[in-house]
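Shared chain: chain A. Partners: chain B in the first complex, chain C in the second.
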Partner chain A sequence: MRSDKTLRSPLPLKIAAGAGLLFMHVPILLIFIYAFTTEDKTYQWPPPGYTLKWLGVTWNRPDVWEALNLSVRVAAISTLVALVLGTLCAAAVSRTRFFGREAISLIVILPIALPGIITGIALRSAFNIAEIPFSFWTIVLGHATFCVVVVYNNALARFRRTSASLIEASMDLGANGFQTFRYVILPNIGTALLAGGMLAFALSFDEVIVTTFTAGQQATLPIWMLEELVRPRQRPVTNVVAMVVFIVTFLPILAAYYLTRGGDQVAGHGK
Partner chain B sequence: MKTAVHFEKVSRHFGDVKAVDSVDLTIGEGEFFAMLGPSGSGKTTCLRLIAGFDQPTFGDVSIFGESTNGIPPYRRNVNTVFQDYALFPHLSVADNVAYGLMIRKVAKQERRRVADEALEQVQLAGYGARKPSQLSGGQRQRVALARALVNKPRVLLLDEPLGALDLKLREEMQEELKNLQRTLGITFVFVTHDQGEALSMADRVAVFNEGRIMQVGTPQDVYHRPNSEFVANFVGSSNVLPSELVNELTGKSVPASLRPEAVKIVDEGGFEAEIVDISFLGAATRLSLKIDGMRLHALVDGTKAALEFRQKVRVDWDAEDLHLMYDNNG
Partner chain C sequence: MAESPAITAPRDGVLGTVSDVLYRRPTLLLLLLLTPPLLWLGIIYLGSLFALLAQSFFSIDEFSGVIQYRLTLKTYGELLAPANLDIIVRTTLMAGSVTVAAAIVAFPIAYYAARYARGKWKALFYLGVMLPLWSSYLVKVYAWKLILAKEGILNWVFENLHLTWLLDAYLSIPVIGGNSLSVSYSGTFLVFLYVWLPFMVLPMQAALERVPVSYLEASADLGASPLQTFSKVLFPLAMPGVIAGSIFTFSLTLGDYIIPQIVGSSRLFIGQAVYSHQGTAGNIPLAAAFAVVPVIIMGFYLWMAKRQGAFDAL
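The block that comes next holds the complex of A and B.
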């Protein structure tokens, strides 16, 4: 109801809400500030001075680039796998009725509800039993389990809103399966896939738990940061990297939010 | 007359449900053909079998003499106007209309020209740039019609296309569809549950019930000469006299239908009846009469002598208005 707007919330509630928000976000700000400190031994507060030198130092550290490179590749491939599998699965569940449909829907969603540590341990034992050596691909598989879910959920919601007769109409007007996908299905689910894909990318990019169980000697960016905290060399470098991770994961999520907010407008209009 | 669509012992089963049960049907070229029946009677499934969205379990559907067995919808020269119109929400009205041409790789300029022409034909000139969501229900309907017609189908299938429109708009569209069909000369196959719509528009009507065709004929045939109790009831709520009574009157032991408008109030002779319900419909007055415990509906001239509830009257009808239903199986 509109009239709720005139209802004033009591002062203590406002203070509590404000405090909660500050509690969540001030630490992130601290990380940013320490990325520019001139003193890297004890993290003295307030920082005695500010410098941009750590940006340069980070830029010249090959281990950072290696970790970043691995993370981007893992996230990209996991997202791609998730896009294909999640869309197909959503299409099957929304378009047809078959035995065990609800069960499959639940099983697909389960990995996101399951604690990462369980997914991680389960995958690790499975890889061991199957004698699959840990590699880039085992990380991708681990990440794909939860990336599929976000794509699936986004695509399913859009499929359910899209009338089934659109596909029949397209076929009726002479379009074969491929043309129907290209000219009708894709434009209608495009934004949902983009949003799902971005969320999947962000999830994969900052994932730690499943990665620790499915990676061999390789370190993704979050894993590298974890190691850096244990035995730091140039401490503010970690802060600079944290800032990069924040930006790389935050922007896609923000974009996904704006893309799916409208719901009615669909990207990919025209030829 | 050439045959446009032919059903040869066609059945479509969904599990144990016989949605279409051994249907034989021939639709001629250029005909305005209506499939009439209550929901779940199999009429829409029959339409989908012609369009190719569904395949018969048994039997064969042929279009212009060619079997459609295994032919996908996109290779059939028929087009459909969907019940929910199924306009592509991401395309403009003009792009919707030109979709079939775009798929057939017609040049862009030509596409635009044909689409504009088609929109003009359905009185929507100038609406091409809009999105379907910006149109009213009646306008969407016309766009769906134009989108189907630009492909120059040999058969146009219409699935309850007027169902979502209000009464006035529906009457307008009925007239327009009829005119369009006459000008284009294309075979129209029209699915509806509205008997008035079927009777007023179609050249011939097939009455469906429980997956079977009960009767095929001209509107006059199915209205005046129903072959079964089901058709008599469904098409214009006729009175059905039980075979015992018909036996007394005519000496033949079959049920008979009697149109409400054939029942007349007379001064003497006929049967004594009591008016148990009376409703004024404008041009006519609808009476519910009780004769010997039997109910009979009558439609009489509203301007004639005042009739009252519980009044005793005498009613009669001409012998020729009593239509004997020899092959009643409903």
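The block that comes next holds the complex of A and C.
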């Protein structure tokens, strides 16, 4: 590739690409504007005026806090489970070749490759058959299952770039397997795990399709929003919640991007 | 241990011994690594999937509404009833058109990012696609509810451009039109396109990055017009990316039940049918049979993609 050569792009391509990007971002921008509108009965555009009032109103809503609290707890525990399971799986698949290796990749990816409604209804009917009552833990069960894949992908990519000779060197120098894991492997895959964990958190935090099937009476923040979407009752509060949900998922994604950027500097790369 | 190798002494302590054993028996280590994730995914996930599949072979008694636990294909037969077949055809058509439209809209973005964007711009393009991809699904759908509302920004734009007649003319077209955009197939289509577009851009960009510029230059040197270069060189080479992206857009549209519920006409899509049959109707077998439909369609789709050699190039 001649990347040093200055390439001039044709104008129509520039316009089409720019329009495409605008199409992807303007709707999100609108969410931020609507959070400050003074109009509380309709979705009127342009907003008749701007106010910070709804931030305060939302702040004092116990149901929103409850939903937020539940979402954060579910996301945190699902992320932890996914971190453990995803890393184990990635370690096994990256280092060795064995019968059924491809099948394992498939099983890990399946929960996210199949439409969410299938995962959801399958879990729900399984809970019914096993007579497990819906609770906090049934939500976690569902979320952790589809979060494994993002941790797995991130960890696998990093494992493949980490040189095996580092591990051999550590063992040769007298470290046992656990010390090698603690002092050599973990520092190498740390940022990848952090990035995977953050993506898993974001994924779980705003998941709604599987959650509608695995939650009983409890409402996570997305479920709360879904009810508002179907039957709008308190538009201004929903506008603010939408903005908050966006920010809460946006920050981990940004962080994950910066953590996995420039992976070329990983130790042992290009031995 | 008596037979330990002469060069290194066994390690001390329990951890040392465990570590030695694992080092000498990689299969045991592999087994230990794989057992927890496989137990979780195998029992919870695959178990549930099989339970669902099994239920689709049961049937429901029309009079009592009780599920009969006898193997039968009757429930699958019900899928062929005109009303249900309608739902399947409608959903597949929607998934197909969303996929084609996503490929068209995604191409300029992916091509620009792959070929022309450098340095800071490249990062910006990447983030510009990653953020919408990962950001909250519901918030994105909500944004479109705001946009398509009667008093919302889209109608406002048309009004200020004095183009309301154009929108009305478009809405009066049968099938794709309706009373307003928010209750028409076009509205549903727009939201689907918006929500799944980033899933198409990223694999497309990855495929386009691998196309050497020299191929395009050679094509131009040999007298091909830009259009010919596109259709004979660039597009075939981008195809694996398009297919990879289409797997997402197609599959995600097939199974979605929230978007058509919030924006669209009241006619059902597969996801909604599954949802209503398992919920209010309590007809789990039919819901399960409906849920199997996207899996079969996706299986067929993947098989076709494989036959076209889409995976070899990835």
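By definition in this document, the second predicted complex is superposed on the first by the 253 of 271 C-alpha atoms of A that agree within 3 Å, B and C clash if a C-alpha of one lies under 4 Å from a C-alpha of the other, contacts with A are read in each partner's own complex, and residues count from 1 in each chain.
Heads up, the rule we're going with is that a contact is a pair of C-beta atoms (placed from the backbone, for glycine too) under 8 Å apart; a residue touches a chain by one contact, two chains touch by 3 or more.
It should be emphasised that the depicted structure is a prediction, and the values quoted were computed from it without experimental measurement.
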> Given the touch rule stated above, what does A:N188 touch, chain B (first), chain C (second), both, or neither?
Replying inline: first
>> By the touch definition at the top of the document, which applies to A:L251: first (chain B), second (chain C), both, or neither?
In response: neither
>> Between chain C and chain B, which one touches more residues of chain A when both complexes sit on the common chain A?
In response: C
>> In the overlaid three-chain picture, which partner chain does A:L52 touch, first (chain B) or second (chain C), both, or neither?
In response: neither
>> Per the contact definition in the header, classify A:L106: touching chain B only (first), chain C only (second), both, or neither.
In response: neither
> Looking at the overlay, what does A:R124 touch: chain B (first), chain C (second), both, or neither?
Replying inline: second
>> Quick check for you: in the superposed arrangement, does A:M171 touch first (chain B), second (chain C), both or neither?
In response: both
> In the superposed view, which residues of chain A touch chain B and also chain C?
Replying inline: 171, 176
>> List the residues on chain B that touch chain A in their complex, please.
In response: 51-53, 72-74, 78-80, 82-84, 86-91, 95, 99-100, 102-104, 133, 147-148, 151
> For chain A, which residues count as touching chain C in their complex?
Replying inline: 1-3, 7, 9, 13-14, 16-17, 19-21, 23-25, 27-28, 30-31, 34, 42-46, 81, 84-86, 88-89, 91-92, 96, 98, 104, 107-108, 110-111, 113-119, 121-126, 129, 141, 144-145, 148, 171, 176-178, 199, 202-203, 205-206, 208-209, 222, 225-226, 229-230, 238, 242, 245-246, 249-250, 253-254, 257, 261
>> Can you tell me which positions in chain A touch chain B when the two form their complex?
In response: 163, 165-166, 168-176, 179, 183-184, 187-188, 264, 266, 268-271
> Which chain C residues qualify as touching chain A in the complex?
Replying inline: 11, 15-16, 18-20, 22-23, 26, 30, 33-34, 36-38, 40-42, 44-49, 51-52, 55, 105-106, 108-109, 111-113, 115-116, 118, 123, 125-132, 134-147, 149, 151-153, 156, 194, 197-198, 201, 212-213, 247, 251-252, 254-258, 261-262, 271, 274-275, 278, 284, 287-288, 291, 294-295, 298
